[in-house]
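Two complexes follow with chain A in common, the first pairing it with chain B and the second with chain C.
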Partner chain A sequence: MKQAIGTIPLFGLESGKFHDAVLFQGVDLATLQGIEASWTPMFDTAAAENRPEDAHWEWAAKALQALQNPLNYEIFGIEADGKTQGMMLVVKGGAKCFSRHPEHPRMPLVYVDFLATAPWNRRGLIESPTYKGVGRVLFMSAVSLSIEEEFAGRVALHSLPGAEAFYRDRLSMTDLGADGDYQNLRYFELSTTQARQLISAWP
Partner chain B sequence: MKLCVDNDWLRRQIESDPIGEVEAGRGIRRSADVLNALAEHQEPKDKKTVRPASRSEAALGLLVHMTRRRDRLSIVQFAERVRVSAEEVTAIEKDPSYSPRPRTIHNLAEYVKVPAKSLLNLLPDAPVLDHSLDDAVHKFAASSDDLSGLSRAERRSLNDFVKFLSIYNGGTKADGK
Partner chain C sequence: MKRTMTLNLTEAEMSVLERLCEGKGLSKTALVRQALRLYKSVDERLERGEKVFVESADKAEKIELMVL
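Right, the complex of A and B next:
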């Protein structure tokens, strides 16, 4: 259910050098428990009394079992220092997996349902983030999945407001405007041409 | 899966990336958020059972079934030719409300030699009904019978339906325009 894809680099902002991390495909109960133990308290420090009890994890284990072998999505995670540094859910089929890009309207693509980094890696939450590169690696995993699915690297997502510059300027995605059907978040697509250029980019 | 770029590429890009936010899509703050997101995308297996299937919803499954019989292919053999999983071919044939992945639609269209856009109009999610398509589907469905090989009449019916799909102005139904 959860398997390692390989070792990838993350840039340690305190050490000023790259550190090894592992990119995983799939999710297990330990990952979910790790998120609850290390992510959730940083988002909501007052929620100690609301932490999940054993019954929650029994339910989570059953839910995970029922959600195995999905046909239309893949979940990725990055682990370093024994913690999940980021997660991404990519959908391969359904209404959101058709391109709105003028280069190839209605062509199939993969849609990033969520891309989330650990709270200690977020500039918006803490002053000195731990790692840089989590979003870049996860996004390239989505591009790789798109290629594997024969979608030529096409990827779509709804960016959170603080991340728009990253998708527009650093990943060269096309900004197709605010989406009234999705909390007015801006919708971005990486077209076939942009995917090709991104992969061949060498700064 | 293999990454399409190597670690040298990643290092160079990450080095020049600014320290900033990268979040996209729904917010993930606790384990339940992840499980809820996974459950939401489990649609093909869960939602299909609660929706009644109409004749037009069964059209794609029937088209696949008849094409497979015409070419005398088992589900596994057909899946290999179309480059999708046998599980998905079975789901398309057996479950009229199953919505295949876009890649499957494109591979099927390539195999049957009709525009992918036409096949999209046969999906249960296609929002606007088109009477000419429904008429063709009804005629096609009425002519089929589950025999091992295609009879001459069934072959003609399949050919007629494929011909209709290949010239069908399919933008209307799937686009909802």
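Right, the complex of A and C next:
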């Protein structure tokens, strides 16, 4: 089931203005078909050197996983101009949802399993991206969910190499190093303190 | 939609629940919700024929976790 949970502003890079977008919780068939029809061809036609690290992610399979296990998974999407601008799958229970941060070891948290912005919003993929801030809005939705679940805003994830700077520098997450048990991807956490700071800086 | 239930616990069980809630900074509802999710995720792995182990800090002892 898909439900609109709020209107959020996305910055239009061409217009130089903010545009209304809708944040959804859950997903439906039309959204998945839209992603398959509009995201996949752009990933497939990207030059090999520009092909994003997440181009192989299959959102339909991920959505099915979330729908089959509503206790542990939540899926969020952002829509504007009748198109999906970004998607995120998070886990809110299970083995991945315990903190490794020295500030609060073993405390529960929300784990971002997958987060992706539409190909037309990516600077590395096309010359003039449409919207800026999709990834940040989705990430803040994970922080909000963490607060709703009484996890004090704590969020964790393993980052693809191309997104490490975004999580480390733009979201000020703690880089806890490469995880040998998880394809050697670097593991990042937003601690309770960092979550408070991020929320207070959020417009 | 959320549904409400009454949970009957012994004094000892309630004491453990309250101690865990205090330690984890969670309400009783949030803690039971988390426990249920963890139980389910472990149970699903066991259902698939996987095994879950608990290892001692010095790695000297490794015990297979069994659940109901």
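Simple rule for what comes next: the second predicted complex is superposed on the first by the 177 of 203 C-alpha atoms of A that agree within 3 Å, B and C clash if a C-alpha of one lies under 4 Å from a C-alpha of the other, contacts with A are read in each partner's own complex, and residues count from 1 in each chain.
In the analysis below, contacts are C-beta pairs under 8 Å (C-beta built on N, C-alpha and C of every residue); 3 or more make two chains touch, one makes a residue touch a chain.
These numbers were taken from a predicted model, which means no experiment stands behind them.
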If chain A is used to align the two complexes, do chain B and chain C fit next to each other or clash? clash
More chain A residues in contact [chain B versus chain C]: B
Answer with first, second, both or neither: which of chain B and chain C does A:E79 touch in the superposed model? neither
Name the contact category of A:D28: first (chain B only), second (chain C only), both, or neither. neither
After the superposition on A, what does A:D179 contact: first (chain B), second (chain C), both or neither? neither
Output check: A:P108 vs chain B and chain C. Expected answer is one of first, second, both, neither. What do you get? both
Name the contact category of A:G94: first (chain B only), second (chain C only), both, or neither. both
Where does A:A152 make contact in the superposed view: on chain B (first), on chain C (second), on both, or on neither? second
Need the overlap of the two footprints on chain A, from chain B and from chain C, as residue ranges. 71-72, 92-95, 97, 108, 149-150
Report the residues of chain B in contact with chain A in the complex, numbered from low to high. 1-5, 7, 9-32, 34-35, 37-39, 41-45, 83, 85, 87-88, 99-106, 117, 120, 125
Chain A partner, complex, touching residues on chain C are 24-27, 30, 33-34, 36-38, 40-41, 44
Would you tell me which residues of chain A are touching chain C in their complex? 69, 71-72, 92-95, 97, 107-108, 149-150, 152
Chain A residues within the chain B interface of the complex: 5-11, 13, 18, 23, 25, 27, 32-33, 35-36, 39-40, 43-44, 52, 56, 60, 63-64, 66-67, 70-75, 87, 89, 91-95, 97-98, 106, 108-109, 112-117, 122-124, 129, 132-141, 143-145, 147-151, 153, 157-160, 162-163, 165-167, 170, 199, 201-203
